[in-house]
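Labels run A, B, C and D following the written order; every chain starts at residue 1.
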Amino acid sequence: ADRLVIFAGPCAAESNEILSETAAALKEIATKLDIDLVFKSSFDKANRTSLKSYRGPGLEKGLQMLDAIKSQYDLPLITDIHIPEQAAEVASVVDVLQIPAFLCRQTDLLVAAAKTGRCVKVKRGQFMAPEDMQYAVTKVKESGNENVCLTERGASFGYHNLVVDMRALPTMRQFAPVVFDTTHSVQQPGGAGGSSGGQREFAPYLGRAAAAAGVDGFFVETHPDPSVAKSDGPNMVPLADMENFLSMLKESWELGKKYS
Amino acid sequence: ADRLVIFAGPCAAESNEILSETAAALKEIATKLDIDLVFKSSFDKANRTSLKSYRGPGLEKGLQMLDAIKSQYDLPLITDIHIPEQAAEVASVVDVLQIPAFLCRQTDLLVAAAKTGRCVKVKRGQFMAPEDMQYAVTKVKESGNENVCLTERGASFGYHNLVVDMRALPTMRQFAPVVFDTTHSVQQPGGAGGSSGGQREFAPYLGRAAAAAGVDGFFVETHPDPSVAKSDGPNMVPLADMENFLSMLKESWELGKKYS
Amino acid sequence: ADRLVIFAGPCAAESNEILSETAAALKEIATKLDIDLVFKSSFDKANRTSLKSYRGPGLEKGLQMLDAIKSQYDLPLITDIHIPEQAAEVASVVDVLQIPAFLCRQTDLLVAAAKTGRCVKVKRGQFMAPEDMQYAVTKVKESGNENVCLTERGASFGYHNLVVDMRALPTMRQFAPVVFDTTHSVQQPGGAGGSSGGQREFAPYLGRAAAAAGVDGFFVETHPDPSVAKSDGPNMVPLADMENFLSMLKESWELGKKYS
Amino acid sequence: ADRLVIFAGPCAAESNEILSETAAALKEIATKLDIDLVFKSSFDKANRTSLKSYRGPGLEKGLQMLDAIKSQYDLPLITDIHIPEQAAEVASVVDVLQIPAFLCRQTDLLVAAAKTGRCVKVKRGQFMAPEDMQYAVTKVKESGNENVCLTERGASFGYHNLVVDMRALPTMRQFAPVVFDTTHSVQQPGGAGGSSGGQREFAPYLGRAAAAAGVDGFFVETHPDPSVAKSDGPNMVPLADMENFLSMLKESWELGKKYS
């Protein structure tokens, strides 16, 4: 792509206020930095560690909340889907359907997403070789949808740890545009005992590295106050830091673009 | 458990004939070796590499085929489910609901399986630390079902390779009974280019090792002729070898039981 | 081999008393269990985490201490060498020269060890594929020494962790006899912050598993009181537990021998 | 450092001609790009896969060859040492003593290198957590030498594969300056069956990524014709590509320097 695309927003659609505050701030930054923005938030966190963990507002309420943001801020939306039957309903509001990493091989989910005609963004499974992501792309394309992209978010590296293999970026770009997920790639699965930990401090390093290697966009979860966020707090970028963070990513992305 | 439990059968419910031939032979072996047998076959292979790969007979026809085996051979059944809405229907026929490894963190699937009251067998994700499987067990139990077991089938180890960490067996047995999957643990994900490869030759070594470390049962996929099987051929044990294979596992299991 | 071989002793040659007490107890156990015993202790711990860590008595004094044990208890000896020039001197006293895992690709060390004519025992590097250990075997054999064996002690699995891949045992036995190192394979490199940690509690599980898979011998570090040992305390087996531990390994080894 | 430092040259000191041709070309590039150059070549490849593999000219002849380059081109030198007794002799000619990755925990080697007063460059072992490299730094400093740097060259990731964990760069820079090894990090250990393979095509991606994350220098092996090089051919950068390669690294390094 010629312009940089950023997928950003709070991990979960916690409240109208959080969504609104985040969308307003991100839109202003995107305009200032001249980048494309797709607003992200999840209506359901479907694989939390515990039954007691916060799940989100659910499909119906979540889509209403996202639709309100779309109207108010004129922003395209991205959100996760988890089962095939969610695809059509979500696609009535949301522009980009994201396939979670654990689910990247679930054929019916990929096909259902593809058939909506919306852009399908597939995250590389922590257990998948980069070259094997071509089969996910093929499943979407063979279902009649050429609008597909991939996402790098780290591979399993022993227990409670992920590693970002930068070779995955050029490998996967052979098949489809590639987005680098700057915040999930610093997660530590189960690393906090009963919930997932995170190493937010590494996000800028990995973000610059991926940008310079060459990618088509970035995914960044952000929150006005990550310390009180209802999920993924340890790895989200504070909203107040986003302008600097995105500006840095853009500068690095331009370097990568020149060479890749 | 005091008796050895074997979950065995062909990977996919390819045809009535294959199911019947396999069930008859396995039942005879189980009687001879005095072990408990749960017959396994899948109605749907939901995460094949390609859209063109064989999927199976589908839910309705598959359950009919499995039900016929159950009646004819008086055998309990196990099969995989992939989305929450399958749980109740499958549970009307099948005794053990298996949660695939990639899906072991999908809360709704675990809860739907639990609520059927059937035994829920959760496979350790290739990306999960053994101790983190306690959260899957807790999700089932907190949904009112104490009948849950876990399965070891290998962890991600670089690309196109899995490693069985034998420490996972005693770790997971702290939370629930543990079944060792002798045939998926020798899979090579994507290792055959466009499909998964397998190292059937290592199954006896890993099976004996796990048995001696201490487990509650084994899972073994078998087929009258793996070379023509419609899925997982490279890692299934030929039906003709099963008596020796299970006899060996039983002897090793008795040793493990003595010490663990 | 037809008889089980055990390589056992304290990690470091801390004192004549420790060596003597351990050798006497081990010899008695070996006689009782009818197994071959090779006494192990190191004169120098060459890769401790810190300059301040205990290193051992050094080459000269260490060889005297080992020689005294050999004479008094009529036991063959094994010890590590680290640089080629140690080979000949060590071989004048010690029966089996052990090549440390980090050094398994150092050609000059392998050749120098081989040229002594003594048995050369090469540990698989934590970074080596099992099949690549054939090149270490070839280096020894091409130096005129057929008396070579390999050792499994775990492979790198993320950071601060090792995993024992049981497939490595049959793979390496194609090239040479294989010894399973029950105590280093439960090390946690750097896992204790400034020194290596260990998970002694897993040693029996891994030992039984490896035995059942099939090996030619075992390596077990032991100490009268691991809690005060000057190195590798967290993973050594207490001397008082060794009879039960070795008896269990022998029973498991017989099962593995029957099938492999 | 304020200026970019490049360690470059042919893997092995194959001949005076190869050294000379490479040094001349590199010196010209370094002048043009205004970067510091340290010329690299090895007198001995001490851990080749086979006894029949090319080893190099040996210590004496190799040092003469390197000394000639130093005089003729007025370039500082770097080379590997493998055993402590080589340190002093090598240090009489060579400016930077490199400790190979497999040997990064060999205390005596680190101390001997440190005691020469020369700069000591320690490569991170493929089996070492980044934070554990602080102990190697401490060993050098406690031996009275503050002139120490570290090198990232990839970590074990399954078999026959390495992964560069970019988090290692900021982690290790807390302890010492860090050099990124662009060519060994794309090696595939044993990946070519009987010798190591390489993925030269990924070197620019990893180089840019590491540069943008932030490093103090780069290590690049180069050869006039890698296809006939006597070692590491599959991963060396052709000499004719070096100006573009180093220019790209410098631009990326400036970006990383701005942010790290």
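Please note the rule applied: a contact is a pair of C-beta atoms (placed from the backbone, for glycine too) under 8 Å apart; a residue touches a chain by one contact, two chains touch by 3 or more.
Note that the structure is predicted; figures quoted are calculated from it, not measured.
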Subunit C reached from subunit A - shortest hop count over touching chains: 1
Minimum number of chain-to-chain contact steps, subunit B to subunit D: 1
Selected pair, greater C-beta contact count between C-D and A-D: C-D
Centroid comparison with subunit B (C-alpha atoms), farthest chain: D
Equivalent-chain rotation between subunit C and subunit B, CA atoms, steps of 5 degrees: 180
Length of the line joining the C-alpha centres of subunit A and subunit D, rounded to whole Å: 37
Chain centre separation (subunit C, subunit D; CA means) in Å: 33
Residues within subunit B bordering two or more other chains: 155, 157, 159-160
Interfacial residue positions of subunit C with respect to subunit A in the complex: 157-161
Residues of subunit A touching subunit B in the complex: 46-51, 55, 82-85, 102-103, 105-108, 111, 125-132, 135, 138-139, 142-143, 155-156, 159-160, 189-190, 194
Complex contacts: residues of subunit D adjacent to subunit A: 155, 157, 163-167, 169-170, 199, 202, 204-206, 208-214, 248, 251-252, 255-256, 259-260
